[in-house]
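Read through the structures below before going on.
Below are two complexes that have chain A in common, paired first with chain B and then with chain C.
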Partner chain A sequence: MNAIQIKNVTKRYKNVAALHDVSFSFESGKIYGFLGRNGAGKSTLINIIANRIFADSGEILIDDLPAKENIKVHEKIFCMSEADLYDAGLKVKDLFKWINRFYDSFDLDKAFEIAGKFNLDTNKKFKALSKGYQSIFKLTVALSLMVPYVIFDEPVLGLDANHRELFYDLLLKDFQHNERTIIIATHLIEEVANIIEEVVLIDQGKVLLQDHVSTLMEMGYSIYGPAKEVDAYCADKNIIGYDELGNLKIAYVLGEKTPLPKNSNLSASAMNLQKLFVKLTEKGGI
Partner chain B sequence: MNAIQIKNVTKRYKNVAALHDVSFSFESGKIYGFLGRNGAGKSTLINIIANRIFADSGEILIDDLPAKENIKVHEKIFCMSEADLYDAGLKVKDLFKWINRFYDSFDLDKAFEIAGKFNLDTNKKFKALSKGYQSIFKLTVALSLMVPYVIFDEPVLGLDANHRELFYDLLLKDFQHNERTIIIATHLIEEVANIIEEVVLIDQGKVLLQDHVSTLMEMGYSIYGPAKEVDAYCADKNIIGYDELGNLKIAYVLGEKTPLPKNSNLSASAMNLQKLFVKLTEKGGI
Partner chain C sequence: MKKLKAAVQYECMTSFKFIWIFYAIQYAVVLLITLIVGISMGTFENLGTDVLEMNTLIYIGILGALGFKEDFKMLIQNGFTRRQIFTATLSMFCFISGIMAFVDTVVGNVIHHFNSGYSSLYSGIYGYDNIFMNWLWLFLLYVTLCNLLYLLMLIINKVGKTASIYLGVAAGGMVLLIIAVFKYVLSAEAVASMISFFMKSMGFMPDGTINCMFPVLTLAALAAIFGTGSYAIIRHTELK
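Right after this comes the complex of A and B.
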């Protein structure tokens, strides 16, 4: 089976359990949202998969082969991460060329093409780039490597809204031509809700939930309209959150949709995934 | 008049104009969204207001007094910024105490209280904090300073969704008790849409737009439903963007709302501010 299999992985830092007997799989050819709060254990697991740190126990299999210190496996996977693993004193164009020498599957022309779309100045040194453009450099590298498994760890940190949209567009276009496994760890849940197919939600070092986005979306819905009407409709509902905008209100409702009152000014729309996950990962949960 | 007045401010870096004859005011007692793309000039203007860099020409008045190197003025304003202006080797609790000695208006108890709400470990050194927690440290300081003008520059960078909600809640509660001027520079436009009252949008070193959020929201609306019905309804409309989710679609429409077809499965809701600003700041604009 083509997949990343995580088997009973445990990792402790001093006295804190970062991951506690975690088992699940990322299957081949899907786009995953890998979600969880700061400190939940996401980055620890990504670093174990990427062979940067080692689990205390358990193992990772990639395409059925143990991933630990296995070069044949690590040619198949690339992980874009928050940490800066490059010589920050080099210019972007020289970093591209340096990466091109190390990775057979790096597409140098594509890297320059993507950099152009983001107006990334390839003559600048990495350390002279703004935080947003440092993220853009890293996601450009990840999008230009033709490996079967790509992990994006906070790919849009510091990006403006236009560049975030551009990244999501490029990612989906790439996926249409080249169906590989893409794992996106992000805190901007609502923005990736219509890109990802499946969600793995980590909480306090354990898998809290793994499911299809479409199934999660059916857990509830949103109701929008004048605040008084929203409140009246929601009186007997299980509400996980509200947003207000002047006299208008949006309520995020768990459960199956009941009919809207006749002649009301209410409208119903899809579940808000971010509100759902905030609620699920609050102390106590739903 | 109580306000921050920006008067004909121009600033060049080498041959690049970062700000070009910019004039506008932040009025007293409002919450502003200070928006714009990466590189638009936002941080440059914030740094000029905060007296960290100087304009080539023009001036800033705060409560009618020139802000440049004026200590009486700078006791009234605090700017939380991306740059790390603190001794990163100190522990959070010692940084709080250090800030407390320099700022009369710093509320040390409040700082520890807010840190507790975010589970910020005050025994950790600043440099040992994750990016998300470095942001949390900075916004905690900003929320604990009782000055009449507070500028937040990317306050939620790296924060998870739960902590972003907590920040917005704390900000609004603080504002209800203590109506001061709050300026939020952020790329997460949609998340602050129901917090901010007025928007200043900077583009290519100029003010592109200054308006009330309620006025901007009236520029259009969103339509949600089965993709085919959405497409049919939108055929003669000015569409600034789409999102798709399986067979469902959201269209972001500019212009006044026309009636929905009878017996349709469509529903209408509020304008998406982020989509509007992405469109406004694209090459060519709307």
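Right after this comes the complex of A and C.
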């Protein structure tokens, strides 16, 4: 099976369960949004997939190969991490050259080309780069590696708006020419909402939902109007959150939209991905 | 195998350039001190230094201690397994130790040739009879030290700062305990036989002859023990 399969993965840090029996798959050829609040377990799971830390139980399979301590998955997956793990004393161009030796699928020319687009000075040492340019270096490496699975953990950390746009543009162009699985773990949901096809939402170490963005957009809506009417309409619905303003109320509903009662003062509107994310993670479950 | 070769190359080549910086600084300092003392004393006779390998031991020790953290992060980021990281690090230790042992052996013997008052670490213990054994002994000594400090750094990383301090205190207590055991518990005969065993392991035979293979085998065994311990820990090491 061409996918990253996460099977019953549990990870604890002392008394805290960072991941609790997590099971799902990242299928081949899709762009995923891997979303969750701070401390939800995103980075822990990414680190387990990338063999940086170990699961207490469960396993990760990449194209049916165990990801743990297995050099056979070396050319299959790359994880751009939020943390700075590169040799900070080396120049950017030297880091590119070493990565070119480490990976058969690294395109050195493309790396220098992307670095040029971002005005990344390849003669500078990694430690001399600003936080934004350190992120640019890391995402340049990820974009230049032609592996089937690429994970971006907070890829636009410290990037200005222009550079963020450039990154998303390069990512989509790259995906059009070379379809592969791209997983973006980020807090900037609205920015990636138009890019991602499928969402995996994780909260408190558990997967809250995994679905297509379009399906989620169809499933989630908000009802606005007088509090009593909103409550009456929502009585038999799956409410994931409320906002109140005086006598007025907004209910955030997950499920099939039923027609509004005749002559009511209610109005319905679509819910964006960020609002859906916020309300789901506030509630802590569906 | 190609991946491992790349990791080994990375480890060796990124450490290689620092050797020459180290030697340049070391010999510059020796020259400077010699000039200052010689000029101030008005004579260069009887001036000099001994056992320059001690500086290399300090450098090698730092290399062993630093061999873990930065390189582990860099290589794990680039998808290498812990087994490969360990192999690459060990290869780097051997590569650097081999070169530095070679330089120190050559320099020690050349200086002694021109200035018989100079004594290198190996020759001070075993004499100047065998240059190859001199290199081999130094090489194994450097590798052993690298492996020991690498192991210690892995233990500190694994157990954390507080537990490491407790372990350090416990190790200090153990040393005092061993001294007390030797002094008050063991019989003089037992102590003498242990000292004899230790001396043999260092190549000093009871009949007064020197066996150069024994210290080499002892150091190789110690390097293997520390290396095995390091591998056992790095297999379970997580990125922090």
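Following the convention adopted for this analysis, the second predicted complex is superposed on the first by the 229 of 286 C-alpha atoms of A that agree within 3 Å, B and C clash if a C-alpha of one lies under 4 Å from a C-alpha of the other, contacts with A are read in each partner's own complex, and residues count from 1 in each chain.
By definition in this document, a contact is a pair of C-beta atoms (placed from the backbone, for glycine too) under 8 Å apart; a residue touches a chain by one contact, two chains touch by 3 or more.
As the structure is a prediction and not an experimental result, all values here were calculated from the model.
Shared-chain residue A:S130: touches chain B; no touch with chain C. Of the two partner chains placed by superposition, only chain C is touched by A:E69; chain B is not.
Of the two partner chains placed by the overlay, neither chain B nor chain C lies in contact with A:F34. Within the superposed three-chain model, A:F175 lies out of touch with both chain B and chain C [touch as defined at top]. When the two structures are aligned on the shared chain, A:I53 is found in touch with chain C, with no touch to chain B.
Once chain A of one complex is fitted onto chain A of the other, the partner contacts of A:I99 are limited to chain C, with no touch recorded for chain B. Of the two partner chains placed around the shared chain by superposition, chain B is the only one that A:F277 touches, whereas chain C remains out of contact. Number of chain A residues touched is higher for B, counting chain B against chain C. Once both structures are placed on chain A, no chain A residue is touched by chain B and, in the other complex, by chain C. The part of chain B that touches chain A in the complex is made up of residues 36-39, 82, 130-133, 154, 157-165, 187-190, 193-194, 214, 217, 224, 243-246, 248, 250, 267-270, 274, 277-278, 281-282.
Partner chain A is touched in their complex by these residues of chain C: 2-3, 6-7, 9-10, 14, 70-71, 73-74, 76-84, 235-236, 238-239.
Interface of chain A with chain C (complex): residues 47, 50-54, 69-71, 73-74, 77-79, 81, 85-88, 90, 98-99, 101-104.
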